[in-house]
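As written, the chain order gives the labels A, B, C and D, with residue 1 at the start of each chain.
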Amino acid sequence: MSIIVEGRILQLVFLLGYSLLILYGINRSVNQGKVPNIRQPAAIAAIEEHVGRAVEMGRPVLFQTGIGDVSSNAGATHMAMLGVLDYTAKLAANKEAKFICTTPSPTLYPMAEEIIRNSFLTEGKPDLFTDDTIQFLSNQQMSYCSAVMHLMKRENISLNIQIGFFQAENLITLEAAKDSGAVNIGGAVRTLRIPGMAFGCDYFLMGEEVFAAGAFCSRDPLRLGSLLGQDLCKLAAIIVILLGFVLVAAGSDFLVNLLTI
Amino acid sequence: MAMDAFVGEALTVLFIILAYSYLIKDNIGFQFVQATYVGFGVGHSLVMVVKYFSENTFPSITSGNILLVVPLLVGLLLFGRLVKGYLWLYRYPLAILVGVGLGLQLRGMLKANLIDQIISTMNVNLSATVDGFNSIIIFIFVLVSMNYFFFTYRGRQGSGTIGSIQNLLMKSGQYVLMGAFGAGFAAAFLSRLAVFMGIIEQVVTFFGLI
Amino acid sequence: MSDLFRSSRIPLILIWVAVLIIFGDYFFGGVFNQAFSTLTVEWTVIIANIAIIVGGISILLRSIMVSRRSSVDIVERIMHGWQVVIAVFIFAIGTAFGTTSGTYNWLYTYILLPSWRTVYTIIIFFMATASYRAFRARSGPSFVMLICGILVLLRNAPIGMRIWPGFYSIGTWILDVVNMSGGRAIMIGSVVGAVSLLIRILLGKEKILGESE
Amino acid sequence: MSIIQRIGYRKIIYLLVLIFTVTPMIYPFGLPVEVSTQSNDLFNYIENLPAGSKVAINFAAFAGMYPDSQAATRAVLIHIMKRPLDIVLWHSGPDGPLLFDAEMEFVSVGDRVYGEDHVYLPYVGGGEATMAAIAENIRGVFSVDIDGTPIDNIPLMQNINRAEDFDLILVLADCGGATEWGVRQWNIAHGVSVGGTPCSISYPDLLPFWKTGSIIGMTNGVRGGGEYELLVKKPGPGLKNTDVMSSLHILFIVLIVVGNIGDFMKRSGGGS
């Protein structure tokens, strides 16, 4: 019979179709220069507003990088976090707000330091980078929590940003920030981490919004292009569902059977 | 109770009290417990992996499949990550792990996460039963929630009917997703609660309260 | 020549080969199946288990480094030192006496289990204080989340059914319909994200193979 | 309000958590549990498996989170050991072997013969790739069983090579994705049905797989344990602690509601 294993033909069609849509998005943005513009996510707009507020109140802004787990799918979350870090550091340097970044991760520490240094440089304010701008507190989960809680109280922070790969300790730091009167802006990709983040934050990004925010902040044509491709893939899925619904309502399960050949 | 069991139970209760002393203030007792479990955990996982290799892989190399030496050697290149200047060696076995890992995950997701979910969503049963009602609700909720995750369309979403329809779909998608995460919070709480009950039960039985 | 090996060009080719074998086996079977079996059964299982050893040793090496650095405060240095000592001690006992021996079982049951589970459950206390202090219904959606969270809590608690039987059916409905629909939308999105990530890796655009030297 | 300010709301809430946990342990009021559809499906599927069917068990327990699915895992083990099924069990977490031995003290093996009715294979790491490798060629991954006996000498393992030789795979005590690996590498790739006792943090993410049929049934953490204990009529840790579960759930709901009302009054009253 056909060379493709029976029952998997449509899966191959979806795989190739999705790959082409994403390549189309990337090619259109990177090679043809038509970079898609995406609306500023609400949480990123909130960062801008609250960094301004921090300057007025003379209280520092805190950015946490999250745990540096090296598993392959967390890599994409780190890239998005570093994009937001770059965006926030430039904002803080531009408005001359006191900026503090804490990390429990030895792997993320050098990457974050390099990004903050460059951001301050491009904004023409390299002297803002002091030695407590980025602090490696401890790679033990709970010791990191208590260190961050003390820092929040001591520095009397007005904004706490936690967008990235976090584990259970994010609840502790969110509550400590709320306790010291700060605004929480957070983001989590994994579904088991989103409820804690959603409950504790004033503004937050859920699931793929974290990647969209990272792409928006880094303005990298490749990521923005792949976002357009991903939207087209989701649109294709919605169209197939709608088509299937109409057929099922009309009593024919042609599409349902087609999808399983 | 046998002597070593009693000493063991006493030690367990001591560890529990030391650990929960963190709630009053982060202290050396707590950090000792945390360092113990991290160190013990690493030691234990190394014991178990070495046990697997010594009983399964090495015998099958010596007894028959001599070719297994090649993946073993390639695997040892992973140690390049620990030696300054040899990071490039580490990338060869890592490439295999990344390629196999993502490949296996994606090929399974195509049916489990995509096609099966699409079929189950479109397969609405229109009978006037609770099940029928639920299947229509699920159909609407899935489409609306998917609408929340459109990023590039939102760029052109200005005024006019299309813009407001899109906004309405996205807003209602947000409501469905937030309801779903409320259920997620209850699950996360239930998960830790059971472990917590076991700990408190150990302390309570040790002091003979029940 | 040596910088060809140092660059990530050949590893990228390895990723291409692995992905082609895996999808080849899944969609076409036949000759791919033998390559797939060798790749997963003989290669990946061994490399993945060696990765666990490398991961464990890198944690210990980092602890040794921290415990030797004078800028770190003394308590943390001692604790990192203790971490390495107990890891080596447990490894020695485990390989010498075997994990089914009495002493190993005793150490495991009365030292590892309580210390791991207590650190894991401390979050319950913080969930309680966060419930009181941080969980706020600020907007419409977060109000819906709070209500659904409470309704599922009432469904999971056996007492919920005693207060009002409706709590069980409403909570189950939220799990089986609302949570399932939201989860399904995220699932479909995760497939799209995985395809996009794989394509960016195959194009060599993702820094997944670590920084160059 | 000065007392609360002086001691601080945190310490008071910590005390409340302790009180609401210890009291129902000392004075249990014993409430039954409703059995959910998913737990029922798992029970009926195992109950209706014809005699001599082969069941693979991936014991995926991790020391820290095991108590959450321990009650359900014990109840399923009791149930499956009673039925005339051939069982091949292996471990995907380093803590598996020790936790499994401790668990089997509560499970009677009846007149089963080791090596003919059930086999325990060792721990092997490697996550989803190893799960796929076992499905492809179990003899390539394991040369010996957990006691070191070569697989070729074990009668039960004679005609077992691939996932297709099994009728069901149970992923027990999974808290980190092992059930999803089972769905992707055993159900999708080889057509074997998946059942399991996941801990409740992974339960909501697995519901869509139950809806599409890849997962035939599953329990929901400690609450599912109580439900399955009812089904196998063997009370255990699940049913014993239902009252503590209830009291702590109520405490949490009260804290959330009081926190929000307080905040609402302060905002509308003080207008801050």
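Simple rule for what comes next: a contact is a pair of C-beta atoms (placed from the backbone, for glycine too) under 8 Å apart; a residue touches a chain by one contact, two chains touch by 3 or more.
Model, not experiment: these values are computed from the prediction.
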| task | Select, from B-D and A-D, the pair of chains that is joined by more C-beta pairs in contact. | result | B-D
| query | Can you give the whole-Å distance between the Cα centres of subunit C and subunit D? | reply | 17
| query | Just how far, in Å, is the C-alpha centre of subunit D from the one of subunit A? | reply | 32
| remark: Per the C-alpha means, the centres of subunit A and subunit B lie apart by a whole-Å value of 18
| query | By residue number and range, which residues of subunit A touch two or more other chains? | reply | 8, 11, 15, 72, 140-143, 191-192, 195-196, 198-199, 207-208, 230, 234, 237
| Touching two or more other chains - residues of subunit D | 10, 14, 63-65, 67, 97, 124-125, 127, 129, 132, 141, 189, 200-201, 204-205, 208, 211, 220, 223, 245, 249, 252
| note | Flagged in subunit C as touching 2+ other chains are 23, 26, 40, 42, 44, 48-49, 52, 76, 79, 99, 108-109, 112-113, 116-117, 119-120, 122-125, 127, 129, 133, 135, 142, 145-146, 149-150, 153, 156, 175-176, 179-180, 183-184, 186-189, 191, 194-195, 197, 208
| task | Classify the chain contact graph as line, ring, star, complete or other. | result | complete
| request: Would you pull the subunit C residues touching subunit A in the complex into a rising list? | output: 23, 26-30, 62, 76, 79, 119, 122-123, 126-127, 129-130, 133-135, 138, 142, 145-146, 149, 183, 186, 188-189, 191-197, 199-200, 203, 205-208
| query | Which bits of subunit D are touching subunit C when the two form their complex? | reply | 9-10, 13-14, 16-17, 31-34, 36, 63-65, 67, 97-98, 101-102, 124-127, 129-130, 132-133, 136-137, 140-141, 189, 200, 204-205, 207-208, 211, 220, 223, 226, 242-243, 245-247, 249-253, 255-260, 263
| query | Which of the residues in subunit C end up touching subunit B in this complex? | reply | 5-8, 10-12, 14-19, 21-23, 26, 39-40, 42-44, 46-54, 56-61, 63, 75-76, 79-80, 82-91, 94-95, 99, 106-125, 127, 140-142, 144-153, 155-156, 173-191, 194-195, 197-198, 201, 208-213
| note | So, in the complex, the side of subunit C touching subunit D is made of residues 26, 36-37, 40-42, 44-45, 48-49, 52, 99-100, 105, 108-109, 112-113, 116-117, 119-120, 124-125, 127-129, 131-133, 135-137, 146, 149-150, 153-154, 156-162, 168, 172, 175-176, 179-180, 183-184, 187
| note | The answer for subunit D against subunit A in the complex is residues 201-202, 204-205
